[in-house]
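Structure below; questions to follow.
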């Protein structure tokens, strides 16, 4: 796979996720961690942006960070894969490099 | 005067300024400091939001922070007053209280 | 006017501590009083005497110490926040079994009540942070 | 895979250090190698042995020390960033005329070259920060 | 000591940063000073009081139960901005059930959360003496 | 040692935080390792290389002249995202004039700043071995 992008900021508070989406090439993977997991939720002001990005990128979200924040897996946008830290490690190994959007 | 609101974040990176504008009552003062000074510039994607807010609030910007960032006073939105640290102190004394939007 | 100030970020990483210093100096110059500066969150890191910034840079910690001594300002480091972040005075170090301390001159470690008290006593409460 | 990790924020204030720890543990469990963890910006504050977090909370600094000793991980604190923020080892303290040191076991202070070298040597470079 | 109106302004999500937790520590101490205390949850601050927080997987302490104890400390005014909640696709049902017992009304259990519009909350802010931001 | 493609990703404004300054310190050290180094300025990162920075009033060191020295360290690829510049009402004229001397072309002075679209910059990112984010 191409690049793995990690985003650890809420899309409501910062421009990290929108910058990442703008600058990720087709075929990239995007992993939402820490406060970035709010970007994975359906029915928010930013869901459309994320769903549009999913045409070109595979989107993942870190389950432990979702659970910590009380965000239900049922309400994650369809097609976003929920992974744990070991899945995070696997992604970094499968992708050619890792780019953090802090 | 009513409340003095301080905003120290760039409106391009964070939601601090938009939250402040949404929650400031008519007659408030808004002071842009640190990276918040980018919100005072004309001709940006956020200038319209700030100009609309100026109908209900007096907007100020900290000159030393503008200069540090190379932002020209000529390009500050018309009607925004440029002040220094002593002007900042005066505002806090004139207003009833101070609210920071971090 | 009597001011109480809260500083929520450490030195250098965020501008908050610099801005708070500039504000305090300007307020004192205008004849106001700075009653207390309360350092919370990473702000406690302003109170370590172990910093050695580059020679061509400002020394934020020393500026706070000097300002406090010149104008009798109470510099309070929050004890709970300090424990999480490794700011220790001699008493605390002894109590916690830590083999050293790093508190800077003019700073004292105390509880969150000092922040609330500051807000009650002062005419204006300001917060500088991230 | 051989990993090099960069941690840009201190303990507790941001989740970055926690996430980096979880990542390192999971990588080691999967049979990968963590070659080096480089602490930069406020990340240097992970390397103070003066922290005393609440008893019901994790001790991030100790977790790094333990992980490093169990898996032979090189924990490097950037010297320039450490000087600005008051992280000292015995040698540095002597050189700078500081009356104490606070570096934690398993951490060493070194230059930014270690970060670049980490990126060159490792198969993957990851950054955790704010 | 005088009684002042203290507002604690919460705009950051929990766990990603420590501000929510350390804000709560101030609120608990503040309650002991018998001031007129309010909390506001704006922007990502609304996530602080989300239901069903479970931190087992990230190894951090789940401090959300502490919000439920606020009523016992006579901290009973928790303002939640409607616009922030809606932007995040959340409703009151997604927030914890936070209540207090009214001594003057036969210990009736009353809701602590006050869902308010931005305009209403702006008016509340305007009345405050001290605003502590986190 | 091997030569790798190193990208330094700058997304934060100068002075409000220390990231811009400390990023520059890494770039200077990195140059000594003779790697293939690029810098990207995205979002508020474009403000780092704005002209006419004057820090006298805030008592901090003006480190912007250091960007002018990058060419001497053979750091000659500074990508600036067009979309970020435009959103901020800025043009190339608002940025410092950053150049390098091409030894292989009779020491001709060439511009270091490469104004690129998001799509073009995305392609550059995709070729990198190591991305350090600040």
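We just call them A, B, C, D, E and F in the order they show up, numbering each chain from 1.
Following the convention adopted for this analysis, a contact is a pair of C-beta atoms (placed from the backbone, for glycine too) under 8 Å apart; a residue touches a chain by one contact, two chains touch by 3 or more.
For clarity, every value in this text was computed on a predicted model and none was experimentally measured.
*Asks:* On the document's contact criterion, could you list the chains that touch chain B and likewise touch chain C?
*Replies:* E, F
*Asks:* Give the label of the chain whose average Cα location is farthest from that of chain E.
*Replies:* So the farthest one, by centre of C-alpha atoms, is F.
*Asks:* Consider the two chain pairs A-B and C-F; indicate the one with the greater count of contacting C-beta pairs.
*Replies:* Of the two interfaces, C-F and A-B, more C-beta pairs touch across C-F.
*Asks:* Count the residue numbers both chain C and chain D use at their shared interface, divide by all numbers used there, and answer same if that is over half, different if under half.
*Replies:* Counting which numbers both chains contribute, over half are shared, so the two copies meet through the same residues.
*Asks:* Roughly how far is chain A from chain C, centre to centre by C-alpha average, rounded to an integer in Å?
*Replies:* Taking the average C-alpha coordinate of chain A and of chain C, the gap between them is 38 Å.
*Asks:* With chain centres defined as C-alpha means, what is the inter-centre distance between chain A and chain D in Å?
*Replies:* Taking the mean C-alpha position of each chain, the two centres sit 26 Å apart.
*Asks:* Round to the nearest whole Å and give the separation of the Cα centres of chain A and chain E.
*Replies:* Distance between chain centres, rounded to whole Å: 28 Å.
*Asks:* For chain E, what residues touch not just one other chain but two or more?
*Replies:* As it turns out, chain E has residues touching two or more other chains at 11, 15-18, 43, 58, 60, 129-131, 133-134.
*Asks:* Listing for chain C: what residues touch at least two other chains?
*Replies:* 8, 12-13, 15, 22, 41, 57, 80, 84, 125, 127, 129-130
*Asks:* Send over the residues of chain A in touch with two or more other chains.
*Replies:* Residues 8, 12-13, 15, 34-35, 64, 84, 97-98, 100, 102 of chain A each touch two or more of the other chains.
*Asks:* Mind listing each pair of touching chains for me?
*Replies:* Between chains, contact exists in these pairs: A-B, A-D, A-E, A-F, B-C, B-E, B-F, C-D, C-E, C-F, D-E, D-F.
*Asks:* Help me check something: in the complex, which residues belonging to chain A touch chain B?
*Replies:* It comes out as residues 12-15.
*Asks:* Given the complex with chain E, which residues does chain C contribute to the contact?
*Replies:* 6, 8, 40-41, 80-81, 84, 111-113, 115-117, 119-121, 125, 127, 129
*Asks:* Inside the complex, what are the residues of chain B that reach chain F?
*Replies:* 8-10, 12-13, 34-35, 38, 41-45, 47, 63-65, 67-72, 75, 84
*Asks:* Help me check something: in the complex, which residues belonging to chain A touch chain D?
*Replies:* 6, 8, 33-35, 64, 84-86, 88-90, 92-93, 97-98, 100, 102
*Asks:* Across the complex, what residues on chain F touch chain B?
*Replies:* 11-17, 43-44, 47, 50-58, 60, 62, 64, 87-89, 94
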